[in-house]
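One chain, chain A, appears in both complexes that follow, with chain B as partner in the first and chain C in the second.
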Partner chain A sequence: MSKPAAERKRWLISQVELEAWLDGIANARKLIAPRQVSDIMLYRPVTKSVEIAWREQMPVSTHTNRPVLSVKEIFFPPTERLFTIQKTGQEIHLEETFPDWETVVFGVRPCDARGVKLLDALFLDTNPVDSFYARRRGNTTLIGLACKEMGSTCFCTSVGGAPDDAHDMDIMLYEADGGYLVEAVTEKGRFIIPGGEWKETSTKPQQSTYSGQFPVPEKGKWPEHFNDEYWMKISERCLSCRACAYVCPTCRCFALRDEMLAPGEFERIRCWDACAGENYRRVAGGHKPRAEKGERLRNRFYCKFYYYPEQYGLGAASACTGCGRCIEVCPAGVDITEVLMNLEKPA
Partner chain B sequence: MNENPMLPYLGKLVEVRNLAADIKLFRVEMSNGGGEAFRTFQPGQFAFVSAFGLGEAPFGIANASGRGPAVDFAVARLGSVTTGLHELGEGDIVGVRGPLGNWFPMKKFKGKNLVVLGGGIGGAPLRPVIQHVLDHRSDYGTLTILWAARRPDLLVFTDEYDEWRAASDTNLHLTVDNPDEKWDQNVGMITQLLEKVSPSSENTVSITCGPPIMIHFVTKMLQDKMGFAPINNYVTLEARMHCGMGKCGRCNLGEKLICVDGPVFNMEEVGGLLETFL
Partner chain C sequence: MYEPRIIAFLCSWCSYTGADTAGIARMKSPANIRAVRVPCSGRVSPELVIRAFDQGADGVLVLGCHIGECHYDTGNHRAAKRLPILRSLMTFVGLEPERLRLDWVSASEGERFSKIAEEFTSSVRALGPVRWRVDPGERQAVSQKLAAAREAISYPETNCVAKTDAIRQKARDLLASEQVSCVIGYEVSQRGRTRPVFVYTPEETGQLVWNPDCTNNLTTYLPAKLRPVKGKETPKPVAVVVKPCDSKAINVMLAENLYRRDQVYVLGVACEGIRGPDGNLQTRCVTCQEAVPIIYDTLISGTTSSFIPRISSNSREELAELEGATPVERLEFWLSQFDRCIRCYACRQACPMCNCPECLYERDDSTFIGLGIGLNEKRTFHLGRAYHLAGRCVGCNECERACPMNIPIGLLNQKLADEIEAAFDYRAGLTVTPSPIVTVLSGEYKEG
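Let's turn to the complex of A and B:
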């Protein structure tokens, strides 16, 4: 449970103290942080703070410092093994392996932490609990880093978030004069803060710069737009490449399949999938519901702003965190903000 | 339930027999805790069956729980998993995950007439309804079964038609699109048969399963021509589910998920959404 801002303890630390702290964490647990991998930034394990990508670039302020994939992949990996299958004659033996290592993720952006919270509604709060997600989530501590200002494709403030929203973090870091303001948001976060060595402060974090806010149609307004011609028109651009879903912090469609490891030995895996795919809904016998690209693109937007919130009790909130990744990654210029603004336009 | 709800129970195939062309009936005896999970299940529920090494696929449970401890699945050989299952024989082990989904409200149907419409393999999840009514015959009014297939050799459960016909207050009507020379029953689409039989909607519920396009036309005809209220017009739907527990996101029908909100719906619930299913 996150504490109200007024009750959170805060410390002021220097860059050197931050690095020492992260090095300590990396020694004791698995530390995941943004790393430069083949010229792109990804959340990856690091063994020393010096490997963290944005160390040289701090203070961090623009969207280009946001990893290409969200933290979703840490809790819900692109591919994961659910169990192995041994076949010996007519005998079948199934063996499970669960992830159970302690992990700390450093440098989480508020939009990504919010994405995890939104995935919790499905994987944790709706029965049956997903045992793989639950274990990773329970064993992971999120250290956030507030964005000082919003990037060019960011719109978190339009969907209920903020560049300095600490709500869904365990610990939040804000840039401050001479280093960082560290805020303990949850008990879990407090647990890994070496409080005694740091200088406690009553200073409040400086608010980040909010920008680019626009009205997003509320949930109740979506049904009336279902048959808008707009969906077929905008989908002319769509390539059904599914990249938007893969970079999205909350897209969570998956497929299960068996893969062979060796003769008589298999694994059942779960891997990411996306509703934009042409064969996504194909059923035995070849029938393909949602055959039109426009129907599939529409489904993605409805899932974010209407279906998922309805299905998993998000109330008035949507399942979009405003991270803007889908805008950056789309090779065809489908821009979610353009779509949302179009729906708000009077007919 | 297992800690990991995606881990199947193991079950032994105790009977495998041909049901129709490229359609087999698999009777599974559960083990490994599956016996407890499948001790009772309801007409309309479904389960995933694994052909280990090839994957798993969802199937409507094809028998009523009261008909013995084993669980029946009717499987048409269409894709890799079903082809893998067709290669298995008695004594082989399959995985079973379930029972999943909601069911036909058989208690609510008590005292009512039932019209059951099955198209092809779509008849499989309706067999438990028929069995349940036959096993509790005095609880229900007239049972009218409309059973259809593209060809005579694609009709399922043919060896049980005598039992159905012999039951009191029970009528079976058969039709095929393409008859062979031996065929002496109706010829044509199930909608043509429905028009001919023209069941009264008075104190009656309808239950339909078949290809999406059949569900569309049959439910429409029941409402438009026979006066069935949407709330008495039941369907069971299928989709390409992967988890069956409301997680994988694949089977949505608007804001509903076929796996957890269904697969059984009445048309009041899904009438406006069915278009997205076609």
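Let's turn to the complex of A and C:
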């Protein structure tokens, strides 16, 4: 559980101390951090702190503010083997493949941590618990890094987040004069902080710059707009690809299939799926409940702001963390902020 | 000594019988070969070969009847056309070319079968195990040398007002006179991003713009817009704003009968090149040879005619560098690229040429690809897609632009476009003729 801000212990450390700490973590556990892969940034395993891509080092292009994929892929990977099936004669043997190593993720953006928290509502807090997700979640410590300012497509402040929100982290780092301010948010986080060697401080972190806040329609407003012409109109440019869902920190649809490895040997895999795809939810006989791309795109927005909050009891919160990734990757320029701003406007 | 696993696709009429002849005559042939009997070498589609390597074959041998002796007239012409192109594609992504062989064996040539089988097996044995199949979780080191930086050409200031006005004017006329039901063009969003827009009334035409960020290939939307639906009236003609590269896609679509010429009104815009996200000229524009659309009903030329001097060579620097690399380096390069893919299909969806009602690689019952988002599946998808675009890709490079993971997919298409030009003297989209390799498979095959 995260401690209230007033009760959290803080330390002030230099860049050198930070790197030494991360090197130590990488030696003992699996460390995942933003890395430069070709010309984009992704969360990838690192063996030394020098491999970490700091924001300032990234080439100036579209993808600079944050890794292209959210930390979702660490807990809910694009493809994972759930178990293997071995058939010898009449006997069938199943073997589960649980992920089992301790992982520390460094450089988590507040919007991503919030995304994980939102996924917990489905995978952990609702029965049946997803044991694969639960294992990874339990074995992972999140070290956040506050964003000093918001990027051009960011809107976390409009959906209840903030660029320096420490809530869903285990440890939070803020850039400060002469280094970083380290804040232990949870007991789990406190566990990996070598407190004794560091200088404890009572300084409060400096607040980040908030920008571009706009009002988001309340959950109750959504049902009445379901049949609006607007959805068919904005979806005309949609290409029915899945980029928006795959980069999203909270999209969590998946498909399951048994695939053959060798004669008599199979694996059950689970991999990402997305409502934008033309075949999504196709049933036997070929019927597709959402055949039109307008219906599919509408589903994406309703899922974020109505279905998911309603189904998993998020209260007034939505399932969107305002990271803005979908706006950035959409090849056709579909813009979620525009939808939110236009929803209640008369057609 | 490594014993390779070899899959041999044998034509039922000649080569499979040829293998039998070898057996009856008690000739020796290596036990490494697993024969798959197919009705004709023309049946061996590239997807089958890719899948065989994907599943761990060390070599694939395709044998058919001699040219002129096909029991289906031209089936082996098919094989002779597509397998060499497939081989060059697979070589480009790091397979040793010796691992894929196409040859001819007739029913009486038992000796020839045994000789080819022996030769092929020993050449594959010498190469050792294939490095093609990747075990899940294994990651390859990135070859930094090949992560070539693109030379930046800054984008010149151009006056787009005249073109914008001309597009709006023409769109208004077309909609007012009911010549077309819809104009597909570009607009600037509230956020300031240029994106596709569909305009249905003369009043809305004020939304239309032209600027250096009009990157989308709008012809992608045409097939769905113009496809006749059972029980509904025939779709009305549509006007579309195109750049020179986009206009070629219309030619390919017309050749493939996706719609009729009278169903589209082409608003061709003379193009000075399009900007990338870094503000410089896009890669595709650097090698583009056309300033004016190939096909149009109205040409919007604007007032300026500042055509940027382009690099004359057809190939990108990276292409040349990759071709000079060793198979191991190429394999490493492409694996590190495909590794980033998330199978979001943005490339396919943005592509005007990818317009199958259902993608072969997305069918639930597809035997050509697994469902997973693993390296083998991702590579299979990209190679299959590249092959399906052979002689059809017009080089608009929208696939690469749409890719959220910045994978240089366009290089695959460009490589094949060069191969097709060398083999068939054909470049896609310059005229209304179908692709000599994917769309039209029969026809005369010239040896040599």
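Assume the second predicted complex is superposed on the first by the 334 of 347 C-alpha atoms of A that agree within 3 Å, B and C clash if a C-alpha of one lies under 4 Å from a C-alpha of the other, contacts with A are read in each partner's own complex, and residues count from 1 in each chain.
Following the convention adopted for this analysis, contacts are C-beta pairs under 8 Å (C-beta built on N, C-alpha and C of every residue); 3 or more make two chains touch, one makes a residue touch a chain.
Here the structure is a predicted model, which means the values were calculated and not measured.
Chemist: Mind checking chain B and chain C on superposed chain A, clash or fit?
Modeler: fit
Chemist: Quick check on the superposed pair: does A:Ala255 touch chain B, chain C, both, or neither? Answer first, second, both or neither.
Modeler: both
Chemist: Tell me which partner A:Cys241 touches in the superposition: chain B (first), chain C (second), both or neither.
Modeler: second
Chemist: Can A:Pro331 be said to touch chain B (first), chain C (second), both, or neither?
Modeler: second
Chemist: Looking at A:Glu295 after the superposition, I want to know if it touches chain B, chain C, both of them or none. Which is it: first, second, both, neither?
Modeler: First partner only.
Chemist: For A:Lys148, using the defined touch cut-off, is the partner it touches chain B, chain C, both, or neither? Pick first, second, both or neither.
Modeler: In the superposition, A:Lys148 contacts neither chain B nor chain C.
Chemist: With both complexes overlaid on chain A, does A:Pro128 touch chain B (first), chain C (second), both or neither?
Modeler: In the superposed model, A:Pro128 contacts chain B only, not chain C.
Chemist: Consider the C-alpha centres of chain B and chain C from the C-alpha centre of chain A, and write down the angle between them to the nearest 10 degrees.
Modeler: After fitting both complexes on chain A, the angle is 80 degrees.
Chemist: Mind working out whether A:Glu91 is in touch with chain B, chain C, both or neither, as first, second, both or neither?
Modeler: first
Chemist: Taking the superposition as given, does A:Arg281 touch the first partner, chain B, the second, chain C, both, or neither?
Modeler: Touch partner of A:Arg281: chain B, not chain C.
Chemist: In Å, how small is the closest CA gap from chain B to chain C once the two complexes are overlaid?
Modeler: Minimum over all C-alpha pairs: 6 Å.
Chemist: Taking the contacts chain A makes with chain B in one complex and with chain C in the other, which residues are shared?
Modeler: Residues 255, 257, 282 of chain A touch both chain B and chain C.
Chemist: Write out the stretch or stretches of chain B touching chain A in their complex.
Modeler: Those residues of chain B that touch chain A are 1, 3-8, 10, 50, 52-57, 76, 78-79, 82, 91-93, 95, 211-212, 238-240, 242-243, 245-250, 252, 254-255, 257, 276-278.
Chemist: State the interface residues of chain A toward chain C in the complex, per the touch definition above.
Modeler: Residues 37-40, 42, 60-63, 68-69, 78-79, 81, 153, 233, 236-237, 239-243, 245-247, 255, 257, 259, 269, 271-272, 274, 277-279, 282, 327-329, 331-333, 335, 337-338, 341.
Chemist: Quick check on the complex: what are the chain A residues that touch chain B?
Modeler: That would be residues 82-83, 85, 87, 90-92, 94, 96, 98, 122-123, 126, 128, 130-132, 252-258, 260, 266, 268, 270, 273, 275, 280-285, 287, 289-290, 295, 299, 302-303, 306-307, 310-311 of chain A.
Chemist: Which of the residues in chain C come into contact with chain A in the complex?
Modeler: Result: residues 136, 142, 147, 189-191, 193-198, 216, 220-221, 277-278, 336-337, 340, 342-346, 348-350, 358, 362, 364, 370-374, 398, 401-402, 404-406 of chain C touch chain A.
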